[in-house]
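Two complexes are shown next, each including chain A; its partner changes from chain B in the first to chain C in the second.
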Partner chain A sequence: MSNVDETRTPGIDESHERVSYRSRQQFWDLIESPYVVHAVLAFAMMTVLVPFGWELITSFKANSAIYNLNYLPANPTLQTYYNVLIGEGYWKAILNSLLISTSTTVIVLALATPAGYAFSRFRFRFDNLLFIGVIFSRLFPPIGLVVPYYQIMARVGLLDDLLGVTIAQVYLWLPLMIYIMRNFFISIPEELDESARVDGCTRLQAFRKVALPLARPGIAACGILTFLYSWREFLFSLIVTSTLDAMPISVAVFKFVGDVSVSWASMAAASILAIIPTVFIVVFFQRYIVTGLTSGALKG
Partner chain B sequence: MSNQTQSDTAAGRPTEGRPPEDTNVRIDDITKVFEESDGGEVVAVEDLSIDIRKGEFLVLVGPSGCGKTTTLRTVAGLESPTEGAIRIQGMDVTELDPRERDISMVFQNYALYPHKTVRENISFPLEVRSFPKDETERRVEEAADLLGITELLDRKPSALSGGQQQRVALGRAIVREPAVFLMDEPLSNLDAKLRVQMRTELNELHKRVGKTTIYVTHDQAEAMTLGDRIAVMNDGQLQQIGPPQQLYDRPTNRFVAGFIGEPPMNFLPAELDSTGDGYRVRTEAFDFDLPREKAALLDESGRSPDSVTLGVRPEDIDDASLVESGPNRARFEPYVKLTEPMGSDKFLTLTPEAGEGQELTARVSPDSDAEEDETTTLSANLEKVHLFDDRTGDNLTR
Partner chain C sequence: MATDTQTGPGTHGYSDGLRGRVAKAANEHVVLTMMAPALLVILAIFIYPVTYMVYQSFFLAVPGVPLRFVGLDNYVEMLGSSSFWSYFGHTMFYSFGSLFLTVTGGLTIALAINHVQREYLRNTYSTVLMFSWAIPLAVAALIWNWILQGGEFGLLNMVLTDLGVLDTGYAWLADQTAALVVVTMVDAWARFPFAMIVFLAGLQSIPQHMYDAGDVDGATTFQAFRNITLPYLRPYFAIVGLITWMFAFRAFAVIYPMTQGGPGTATTTLSIYIYRQGMVNLQFGYASAVATFLVGITVIVAAFYVTVVLERIEE
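Entry: the complex of A and B
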């Protein structure tokens, strides 16, 4: 900028400025140019997509062709998928996962939405303490709770049971979702609830007719996240399931690691099968995730 | 009409016993204490009593934090008073939910439901109360027509301008035809020009609908133009309640005197000497004999301290060459620090001597030839001055 130059006292050496303003400007212009930006994005995408692509290719190879140094399978085959789904009976694991994730999502939303609303609106004794308690339950590593959880499930006879796995999933994701819903409700002006109450609503009606419809993006985001998180959860499911009676797909994939050898092609096929539903969800619902988590799009 | 509803006493306390027949809302000795998270307590409203007549437009006015909004929310049922009671149409509603109080409210940020169209917003209070469909439709159309928003009915609030949103909020309030309207600074989010326009519209609307209205604002101009009566609050306490002109002419204390009127009243430290048959007031800027009427009021007050605060409104000071001099005018020659021509009049910022002494504002005729950085001769109307007790702030010459 010219006025920078004008303010300089003539005669004083300007070399104290290590990099001239012009050079710095050129540098940032380059960094922010479309080429550089796109190159960075392309690199980021590759790190995500290459392993996925590799797995996809592997899943179409016959088991014997895994160690061939071809990128593309010489004789692409769906045989592996057939073996995994029907032969090994892994359709049951996918069904289990669907049941577990769906019911987890329903239960978590049914609890987190009113809980988040209550934490955002009501002042009651120990409200902050209670809220910290909710958050606290997720602050230590889950592995610390795996053993007591196993013991409890064994005692009540819920080992290898869909209900047992679902309980674990609800425990794992409910606190986070209460937190997200609370923040979302805070972004909805309380004046709207008050206005509804003056207009003739009970507190419950104000929640149902005004706050709830406005919280839809947040609820959608929470639902999607809960579904995705519980779909891919591994540790707790691994501990309490041992057969395909209740085993979700995330654990089932792992079962292809045998004592002697690893069935790479089957594992790849099972992984792809496990990924497909999540890809669908992300593609179709991503706008809800974005609007839901970057709330404040709602101004009163 | 009872004595007490017309009362302009500082406390404005209701008389004992039954409220007068035409009292619509009675705020009965309420106190509201908020507990803070650190265990401390804040008294937002203290021993407040106001009776509001049927059809009256009462304005609660005061600086922010004076308790006016808390009072309104207590009437609405959004806060419950720590002590005292709220009565609406003779019924004690203190323990009732907002929806059971037959009120409607316009919020500062309008609180329009963003997910509903204008039509759904306005019909919401009827819909919740299960009004028949055709009745709902008729009333919404009527309200929209009254407010001139018929063509906006199918839009969402986000597609409306501030003024339009304001009208929708009003529509939602009037559609149910409640006993009382409550308005919490409804014009404060509008730009200056629109605010004046909406103020006029609110006035007209009140004339047409004729409902009891309690209106909260911090803007004294809004209070003066809208209110049948104004209740001035400060620090949770009622300072004075009365018709606008009364508050302007006969403020009960220094706070009210300084709050009502724009630019605000000048306050000057003054000495008060008894001269046998009257009083002489001496200030830094000028001395004068207190007019007979004022002196009589001062005698009535039973207090005549040596030092008082003199209150003079800027509009009661004019260029001496443009007003006739008389016994009840005092001439003085201050130094003009600043002139601000407003078109209709001219604001002067004055000091007793060049560059020293307490500043004074005068609102003189635009024809005044007062120049900056010169002294000029001004004349103050002594019939309009007030003397305030230094210690209590009470007006001694009311």
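Entry: the complex of A and C
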């Protein structure tokens, strides 16, 4: 912000006021100075990068070398990664995560895109009520459904099954994505659909040939968010799975926490493996994530 | 969706075959065609389990024994139990603590990023600061668990003893009070980037001419912040606040991998309690009653959220 014009209050009586005005302004100029701004951001970056770095360093240590009290590994090794991936079979957990997140993303997009379009374009009976229902199901606390989900999955034989985890993930992310897709479709002018209708398109054709191509950034944002969310998910994956047959990496990292002791280096290596795709997604698709998050939180 | 491919644009004529008739029906009931799949799925995998939860909360439900209707007994037991209220207290501390840290931290960082002039620096800052949100919550919890280990092996204790601040390592997660504070801070650590992103969107929606006009009127930086920035951000505060609180109130994935509710029950929140009663002690009915209580509170707060969000349409 540019300097404030300090000559606005001429007059002898106000000299005292001007001094305090100026010193207060100096304080706020200091707060706004590049030094303070970058110091705040550098501190925030440290709280993120130091834990990440420490986890990375730990992952290059052997489990036995954890208690040597050296910051850096004396003998850096990839052995821990090998043990985790091959020895403990964690390649399966990563594969499970990929399968669960990909199929969840495909199913959610296939269901949420037409539903979001319908909410954005058509007036029908109970439309507002249904829409508020979608918002509520998005805000519903999943912990409440842990017990019923466990019981239902046990009854239909989907415990420790990739399909069981995927169903739970679809429940978790479908309402939010309907909501976000609706907001994206609202931002596409309805006149485009109408002119397509005038040109002889049916309603479904107007959706498929006009609105859908224009909504591509929105679909991408929803897809990336769904993938990321289901990759991160912990609670339902913990409830539904019990072995590496279906367990995703987000839960498998936790398996190194034993009753008595923790294999910290193994846990660190598994954590790094779980982190890599999420960091990759944030770095390359940050714009989509930001659009999706703000649209999901803010638009009515 | 590919049912109407036989007729190109420009004709309303449907072919006589089965596909043509399906296409015609799908277009006549276009809302049903587009909504029904999603709504049926939500009905099956959301509404049904919710109903089951509420229903079961009125029963004595334990495995291997037939369901027995007990009316409000589960609720009476819950509300009369002092440990329930102690866990409720932990939940309130945790959710409001995380709310406070998330909102102040997220807003401070958003204001700071908004002051950075160079585009690539802004992007670098916001990208790196999103990492703590993007990683799996359990991983975030385990990373901090490792840093905060007691003895001399945790990074924090290593640094503090090397600096001479501590003589011996402190067991951060074994201390009843410290543990609750620590899990709250880790929760905020994983949550603040969301607040940061929303506040940044809010700050960027403020027209620059408002500040220019403030400059002309001789407003100090603080006055500009109080009279321009804050009023513009008010709906963003409401939305970030309500979402953050609701999500922290139900949080599970930070506490469970860090402390599993311990030491003792010091970090047992209602979510951990539901998990323990339902999945460990297999008291399905009682756990459902606690879950219904937690859901009830969320629904009240969610109603506020819907009001705030729907008001924005009318603006």
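Please note the rule applied: the second predicted complex is superposed on the first by the 266 of 300 C-alpha atoms of A that agree within 3 Å, B and C clash if a C-alpha of one lies under 4 Å from a C-alpha of the other, contacts with A are read in each partner's own complex, and residues count from 1 in each chain.
Keep this in mind: a residue touches a chain if its C-beta (ideal position, glycine included) is under 8 Å from a C-beta of that chain, and two chains touch if they have at least 3 such contacts.
These numbers come from a predicted model, not from an experiment.
Colleague: By residue count, which of the two partners contacts chain A more extensively, chain B or chain C?
Modeller: Answer, by number of touched residues of chain A: C.
Colleague: Pick one for A:Lys209: touches chain B only (first), chain C only (second), both, or neither.
Modeller: both
Colleague: Residues on chain A in contact with chain B in one complex and with chain C in the other?
Modeller: On chain A, the overlap between the chain B and chain C contacts is residues 196, 199-202, 205, 209, 298-300.
Colleague: Mind pulling up the chain A residues that touch chain B in the complex?
Modeller: 189, 191-192, 194-202, 205, 209-210, 213-214, 298-300
Colleague: Help me check something: in the complex, which residues belonging to chain B touch chain A?
Modeller: For this pair, the touching residues of chain B are 76-78, 97-99, 103-105, 107-111, 113-115, 124-125, 128-129, 172, 176, 182.
Colleague: Can you list the residues on chain C that touch chain A in the complex?
Modeller: Interface residues on chain C, with respect to chain A: 1, 3-4, 7, 9-12, 23, 26-27, 30-31, 33-35, 37-39, 41-42, 45-46, 48-50, 52-53, 56, 105, 108-109, 112-113, 115-116, 123, 125-132, 134-139, 142-147, 149, 152-153, 155, 158, 189, 194, 197-198, 201, 211, 215-216, 218-222, 224, 235-236, 239-240, 243, 246, 249-250, 252-253, 256-257, 270-271, 274-275, 278-279, 284, 287-288, 291-292, 294-295, 298-299, 302, 305-306, 309-313.
Colleague: Would you mind writing out the residues of chain A in touch with chain C in their complex?
Modeller: 1-2, 4-5, 8-9, 21, 24-25, 28-29, 31-32, 34, 37-38, 40-41, 44-45, 47-52, 54-55, 58, 66-67, 69, 71, 110-112, 114-115, 117-119, 122, 124, 130, 132, 134-137, 139-152, 167-168, 170-171, 174-175, 178, 196, 199-205, 207-209, 228, 231-235, 238-239, 249-251, 253-254, 257, 262, 264, 267-268, 271, 274-275, 278-279, 281-283, 286, 289-290, 293-294, 297-300
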